[in-house]
């Protein structure tokens, strides 16, 4: 059970940390000043979630590691985040599509997780739920603006949706780790969130005059540490300081 | 002339001038220049710090840095808004920045080379900025004064955070302390330059003082900064990179060496280590984001048209 | 003398290694297949030079470090390469301009260095001279093609020349390290190469219908370890493996 | 029909067919398809390896990897040239690749995740390629056969280098050996897929054999590869990720489990881990380089025009 809980919390932590890292890359380069602030804010929420989750994972593991060791001193194949969050920022439409897919899943996920029998997870979820509500609203509004904006923004937004769609399947994967914890009342069964997720997307994409892609084949591998080629480059930057100065405090 | 006298009387009585009040054209022009330069500095200032967000050594520091850069964007927003109350649009101001006509604080033309630079910017650059800005909280122009109150509060927090970051590094290892010393060596003099030319060469100053846009001369503020900062450096166990630095017991001030005014003018004029990178980064972001801004505008227009049509239909 | 020689050789090694690293980034992304091969070849020559130079620097230093420790385990502020070689690839014109400026200097530099009283440097120079001749020819031909090609290529090539020009001043800097070694017949006095360098550039740029920028202020700092902001990102990628797996052999 | 018989007789006599010789349209078409797929594979194959050039752990390995990728570009060049002798231009072939109509070896749609993958590609992917290509050195079409001789020589070198890289890692530490095992786990099955569908499902095969474009069936070549590779894996102390793997003392062959043909078809059809990245990387390079190619063309025309004018003036 401890192993499963560690793995489960680590997955959530990696999702938050890697998405926060990607969003942080925008800093100073966003299309408007308001979005420079907005994306930094979304990044900050995810880094905050990552801190809480890594700390809890470290506690569950009980081997004396801390949040930074988990984030900065694991190798690529040990990361358990889903492939969606590690996808490169691309243009603003891709960043928004990534956030839309993710937050539309995470909002009901955190909502459900507040009912977890694990008090720490429940507390983390309560805070994260409020943040995810903002993230989803932010991404939805932009999806609608871009989808129902100019011909160019419509094209870019649809391309972004189509490009990232195959990475959404992983959100609903449930392996033995998940099943065991769902049975124990600790974890959320992601399958139960699929209908709501699709409904949210349909509503937003319809207002955005965009098309929901057909199901089709889905990418997988993130939960098993098989990431995209871009991920190693992300890590080399993210982990550089801790790698170059092992054992220092900052 | 009568209006001018009445205006000056209000200023002398420490009343706040508000956007709809009458004001001399030169007062307006001076404020627009100063507020927009200040806003541009916040925006460009996001870049050297943003350079380290992806490489922050801990999650806690990454979060703090993100929050700080976000605050700076927020300062830029208030300040652009304050400038807008004087009748100049954000588009105009942005265009001035991107074309290279508008100035911003020349300190941001220096690169952040190590993580210690992030602490040094908080400690020295925000420290110098606060020194400059605290008197502006009593500036005669209301919107600017009010913006400054909020900005100063946040920047004090950033400064303490920067100092604390350096303290942690200095305590952690000799290697890190050397990084901090190196950062101080590189940022000290550019920080002193942030207060502008010495009083003997400063244009604009006397009129700005009379208008209570300025309350202290450049050299007065620089001296305050040096007096406040030198003991902080010593507490960290660092050496200020200035042979001439000495404490004058009589005046209670730290005397210091001559600033390299050639470097100051050169960097202001465009030949600093990062001037071109900074401008080019802003330009690229602006160009790459053009389609997004156009889409937002187009969508707002569509919505407005649909709302209007619905209203007509309802009538 | 040993200190000066170590510093001198290290500067040359860092120049070669960092330029090789930048050129290597092009791999698979060049404008033509021939250039994918051509740029990889130029990159390879520089990596080869870096190996010989780092090995010799390590030998001179005599502290048991090897070529890889010097390249992969020094921090940013310890790197002594000139700023020119670390400048980002930009578009193909910028890569060509960087190479033109550098190789037009290095060809006569290596030529002169073959006469060094230091036998190892002389031998390294003899090999590097042949390589630099090819690099200069390659960069010159492209400069001419792009300068005297289309209106767009002319504009891009001129912009690249103007952009990188302020980074050429460092090539001619001669501090005490250089002076001491020049006096000992070991090093080359870069000042002596300026006229020839300008003549080479003038000839190429004239044929390319491009304008040599006016002198003006020059960037400096690389030899003192003050690099561009992009340099830290280059290092985090270049050094990642040695940082993440210290003490392993590969 | 007479010409066809004469053609087949030359082939049966192991004569080489040259570009200007008469050949059946289907022979030409088969060759163009095969040679261009092969060329595309070399080009796309530069990407997964290129992904590690900037992160190679030592300078020696960086140099070797650069040289290897350079060789692959060279192979692409010879092969495009060989295809051109059959009357199809490089532009057409490139367009087929970029539009997604042309195929390339599906192995390159898998990502390189760790440095061990670079060794695994040399050992397994180049190893499988060589197995496929050695018989092609005796292919009936002269230019292809000659290109293959050079390609095979260089690829043998790459394969040895890849194996040596893995050997070094396996000897250096358990951690590195685990990386190598992980790479083998991920690359083993895709390598077996490189030989194409099993003989029972392979189209084209019989005719290609008769034309001596092919000399062995897919399954024969796959078996040769397994027989050669399994002992090499054991020498490294690695486990082949196949429960069914067993040595059949009678036949002297290693028997192995069933390939996941669904995965094979899916990745070929476009749904592999990196299909879109690969195509998109090639497309971006092509688009970003368009102005360079146009400039080179424009310059060549200017030169030619100047030369012509000078000639006229001289006459």
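So that you can tell them apart, the chains are marked A, B, C and D in the order they are listed, and the count of residues begins at 1 in each.
Here, contacts are C-beta pairs under 8 Å (C-beta built on N, C-alpha and C of every residue); 3 or more make two chains touch, one makes a residue touch a chain.
These figures come from a predicted structure and were not determined experimentally.
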item: Co-neighbours of subunit D and subunit A - touch as defined; value: C
item: Mean-CA-position distance for subunit C and subunit A (Å); value: 41
item: Geometric centre distance via CA averages, subunit D-subunit C, whole Å; value: 34
item: CA centroid of subunit B to CA centroid of subunit D, Å; value: 57
item: Touching two or more other chains - residue numbers and ranges from subunit B; value: 55
item: Multi-partner residues of subunit A (at least 2 other chains); value: 75, 236-237, 240
item: Chain-to-chain touches, reported pairwise for every pair that qualifies; value: A-B, A-C, A-D, B-C, C-D
item: Residues of subunit D defined as touching subunit C within the complex; value: 43, 46-47, 50, 53-63, 66-67, 69-70, 73-74, 76-77, 80, 115, 165, 168-169, 172-173, 175-176, 281, 284-285, 288-296, 298-299, 302
item: Partner subunit A, residues of subunit C touching it in the complex; value: 75, 233, 235-237, 239-240, 243-244, 246
item: For the subunit D and subunit A complex, residues of the former touching the latter; value: 48, 51, 55, 111-114, 179, 182, 186, 266, 271, 273-274, 276-277
item: Subunit A - residues contacting subunit B, complex; value: 17, 20-21, 24-25, 27-37, 40-41, 43-44, 47-48, 50-51, 54, 67-68, 71-72, 91-92, 144-146, 148-150, 152-153, 156, 237-238, 240-242, 245, 248-250
item: Residue numbers on subunit A that touch subunit D, as the complex places them; value: 75-77, 163, 166, 216-217, 219, 221, 226-229, 232, 236
